[in-house]
Amino acid sequence: MKKIAVLTSGGNAPGMNAAIRAVVRSAVAWGVAVVGVQRGYSGLLEGDLREMDVTSVSGIINRGGTILRTSRCPAFHEAASRARAVEVLTARGIEGLIVIGGSGSSQGAYHLFAETGFPVLVVPSTIDNDVAGCDYSIGFDTAVHTAVECIDKIRDTADSHERIFVIEVMGREAGFLGLETALAGGAEAALLPEFPWDLEELCRKISAWEQRGKRSFIIVVAEGAGSAAEISAHIAAHTGAETRATLLGHLQRGGIPTVDDRILASRTGAAAVQALLEGAKGQTVGVIGREVALTPLDQVCRTKKKPDPELFALVNSLAC
Amino acid sequence: MKKIAVLTSGGNAPGMNAAIRAVVRSAVAWGVAVVGVQRGYSGLLEGDLREMDVTSVSGIINRGGTILRTSRCPAFHEAASRARAVEVLTARGIEGLIVIGGSGSSQGAYHLFAETGFPVLVVPSTIDNDVAGCDYSIGFDTAVHTAVECIDKIRDTADSHERIFVIEVMGREAGFLGLETALAGGAEAALLPEFPWDLEELCRKISAWEQRGKRSFIIVVAEGAGSAAEISAHIAAHTGAETRATLLGHLQRGGIPTVDDRILASRTGAAAVQALLEGAKGQTVGVIGREVALTPLDQVCRTKKKPDPELFALVNSLAC
Amino acid sequence: MKKIAVLTSGGNAPGMNAAIRAVVRSAVAWGVAVVGVQRGYSGLLEGDLREMDVTSVSGIINRGGTILRTSRCPAFHEAASRARAVEVLTARGIEGLIVIGGSGSSQGAYHLFAETGFPVLVVPSTIDNDVAGCDYSIGFDTAVHTAVECIDKIRDTADSHERIFVIEVMGREAGFLGLETALAGGAEAALLPEFPWDLEELCRKISAWEQRGKRSFIIVVAEGAGSAAEISAHIAAHTGAETRATLLGHLQRGGIPTVDDRILASRTGAAAVQALLEGAKGQTVGVIGREVALTPLDQVCRTKKKPDPELFALVNSLAC
Amino acid sequence: MKKIAVLTSGGNAPGMNAAIRAVVRSAVAWGVAVVGVQRGYSGLLEGDLREMDVTSVSGIINRGGTILRTSRCPAFHEAASRARAVEVLTARGIEGLIVIGGSGSSQGAYHLFAETGFPVLVVPSTIDNDVAGCDYSIGFDTAVHTAVECIDKIRDTADSHERIFVIEVMGREAGFLGLETALAGGAEAALLPEFPWDLEELCRKISAWEQRGKRSFIIVVAEGAGSAAEISAHIAAHTGAETRATLLGHLQRGGIPTVDDRILASRTGAAAVQALLEGAKGQTVGVIGREVALTPLDQVCRTKKKPDPELFALVNSLAC
């Protein structure tokens, strides 16, 4: 290969820039030219490309967001668009594509590869961590750190006012973020889409804890499990306690990437370039255990990854 | 005086602990005993007091919240309660009271003093900064830092996705927090209760900026000026841009106090003890300019402090 | 078992408190009493113990340092002291001991177990990560975060003044901290005790980079590989560039534990209690891959863990 | 005026970028062209200038360092160089100059103005705060925050190991940074160049505190008052306590600017442009009390600013 392209797609995630940097610098080290595609699949369809070199990615390892910008691209759900994308790439002499994105972006990449055979690899990056082929996706660690920093602050108010706080974190279909946030935040309970939960039992536990003298509580709810506002109102009505609901919202997507996200992005970005040059295609490049591993995209797209039930049990056993 | 009391009241604010530490350690340095009142005026009415010494306040200068806990106390709106409070204090041999709190707490302190003559001083502490007798109240600086950190993160997403974010910060009746957050966050506009604003004009400015190539915008709204959700919907409808609304919520109240809040709390907490011992009463102990200054509570309660119009103008002139 | 003890030993590390919390709360959940030993093996020899319950560990999951305090205890190198320690424990009815500490503490625990058969387990915790039986020891992740935050700040000055900074991080015999700091900090080079390095070649690379227009450089040196001051002076002399040396020093040991350290500490602290109750002894309780694993202490003490050579190669291939 | 220039000079300080942004955007708002001078007075002498517009300063309000880069320029101590500088400026049609820098840069600006009458204004920016004409210089607040964050971390180790830490902060001739760091860090003592101190008395106080049960101490030393290593050794020798010395070093210069530095930089940068257009020259543009104020450069250069003795007394009265 003489020339490859890289793009970021879907929701932005901290560490995407570190992955772009690793792709560009590795490619240059292998003597391969790199083109950056702007705004994900949308920019690819529009031919919005620019040449990149080692200095294009200077000073970005510690920046949130993505210098290539990103988008959600409904048009890419159609095969005609994907065929058009391959035309754009081949017209510019591009022989391989690295997609940095989450589960929707992996679907797009899978179909593009299945339909055209164009060499594409995915570097998983989403704060939701709801994508197979990796233990953690780039951006997840930073999102948990941000959520836990928020909980550390909210606990000051919970303790000072002797209140119950119900905190809603992102995760429409996945509880990874909610689970690690609850565990590291020392929360009293985690309500997640993957595990059954019983609001009446939670109210009974809260009442029992209050009788024992406990004065403040943090309940973490994943977006996909329920609404903080409703759960907060329910707890207030059934326990008589003073409750507050908080949504962390978009700040979970941004911020300076953590060490782990920077290292994960550096490893998988560099490994994706090497794999592409060695002939790999239609695969996800993730870290599993301590090693970089390739997983076919069809398998990635078929598999639903689940949070570890032992970590979930730990939240409950350490709360008291 | 041989014995004084200290309490924190109203919404918690970062730096309240640093103020408690300064009060206790200064009192001990002057040879005066200190009693901590739990849960603000509520605990005072219930006689929930405990002796404090220099080690009671070790290691708290950098902790958010308040070790004395706090409350909002509707009962204290009645003169009978305030008379009862003085009985509780005098029964324990307490000759002076330092109240660490905001505008509601100052009202309570003013009435208590006006009705009973009991020596009370207020150390202003609220994240809203909506209390006269000081340039800044304890907790405000930390709250602005927290809000600006959030904006720094949200801007990553705004830039990556080319979106408009409308961010609602606390401040039911006061725009101090919104103003400094917008200025330090580099926001494109600040909508505040103290200054008129025109949503149509803002939409026109946004459209003009977009034509010039500007891709992302941050609009800060103070709670008292409007709802982020409504403003966001309006802008989307009138400009065709993609918008998102975010409420920062309770995390603005907590967190490790900034340097400025720790120093302000140390200065005013210590000055309050000295002033009390020198016979001051019925006053607020704040920093005005570079000096500690005493202001009568009746004047504090009558005065509405306003944000600096020059700072407001600066937000607009630096946005483009 | 009816009663167990827990202590922290050796250099303090962020996350030790989260581990203590997990030990205490898990023990209580299993119906077992827990005694906290103050100041590590020193306090054990002096019988400085105190009963702990669920509230003893409230609010500590996010605190640096260790509430049990710690020490280095040369006396514990003697078998007589270790026998004395077992006497102290058994006299109080304590049937098992959990040691939270690093490689020196593991040595002490190994000998105590080998000589007396007393049930002891080690939860590995040291910022150096130089202990086998775990992928990462508690405190390492936070230390890397702290070091990388420092590099992010120093890079501002390096860029503004077009200078070379040589930054020395902790790690007398191990390069783990230096390696991850360099990789996540985007450093141009890492000088580590486990990998050969050539100062002349580094100077040649710097000169070549400077000719290409690169203006600022960050070189990370592990304490055990060399002195920042000497290396800085050498580079200045051989390249003519302006250089500065910085030692990060003790701040690498403290600070709020990261999410990963809190979760690691929660998992291994809880697992240690369960293992002890199930009869395990003389072992280290670490996380390897994604699972908690037990490793015999004699094997832990014989094994020298080494940084991943692929990560080391990555530092060099991404620098340019 | 139709065209002005801006440069940053001397040691870099967080907030310099926010000041550049304010200068550029204000100038554009007034319809005036702006030229950025690279690398301070050195770049000015070499004619290293570039045109700037509103987008040149996008996204820099929260970046440490300076995008214009900076230098120390011994050549500028000579009148011939300063005359050359004015030639460079006038040759490009530049009618006014804004210098963002500290006391050395103010000296240079003063002489340039005195000798040539060229309209120059200074926006004070140095982490040392040792420059008259302002209460605080840009960068000082961030430097104190960084130093206090370090102390918060080091205290974890001091408490865990029951040790005395002597921490050296920057400030060759001025104790501002040491004083506010000690006060906000809750240090037990501050040794500063502007106030006499007695090491024997400090040792006696430490011994008395230790007898009372106090176990850990933080002593802050300003660079200009003494060496942390020597003071640490002296205390160890005279009290028998375990001591450690730490130098914070260059990380005090970098980092994301605090809210206060961003606001100060925005205000003074914008005010400098307005003042220049209104005919001001040979002055410093600082904030004094709550207002922007102009002070003649000759007065600024003659005046030695001193830390507030009341704050110094407060460090001692709150330590115990």
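Note that the chains are named A, B, C and D in the order they appear, and that numbering of residues resets to 1 at the start of each chain.
Just so we're on the same page, contacts are C-beta pairs under 8 Å (C-beta built on N, C-alpha and C of every residue); 3 or more make two chains touch, one makes a residue touch a chain.
Source: prediction; values computed, not measured.
S.K.: Averaging each chain's C-alpha atoms to get its centre, pick out the one most distant from subunit B.
M.R.: Result for max centroid distance from subunit B is chain C.
S.K.: In angstrom, rounded to a whole number, how far apart do the mean CA points of subunit B and subunit C lie?
M.R.: 40
S.K.: Averaged over CA atoms, how far is the centre of subunit B from the centre of subunit D? Could you give it in whole Å?
M.R.: Each chain reduced to its C-alpha mean, subunit B and subunit D end up 28 Å apart.
S.K.: What whole-Å value do you get for the distance between subunit C and subunit D if each is reduced to the mean of its CA atoms?
M.R.: Going by mean C-alpha positions, subunit C sits 35 Å from subunit D.
S.K.: Could you say which residues in subunit D touch two or more other chains, in rising order?
M.R.: Correct list: 152, 155, 159.
S.K.: By the touch definition up top, name every chain pair that qualifies.
M.R.: A-B, A-C, B-D, C-D
S.K.: Which stretch or stretches of subunit C touch subunit D in the complex?
M.R.: 8, 12, 14, 16, 39, 63-66, 69-71, 146, 150, 152-157, 159-162, 165, 244, 246-251, 253-255
S.K.: Would you pull the subunit B residues touching subunit D in the complex into a rising list?
M.R.: Going by the criterion above, the answer is residues 21-22, 25-26, 28-29, 54-55, 59, 61-62, 135, 141, 144-145, 148, 152, 155, 159, 180, 183-186, 213, 256, 258-260, 262-263, 266-267, 270, 289-290, 308, 311, 314, 317-320.
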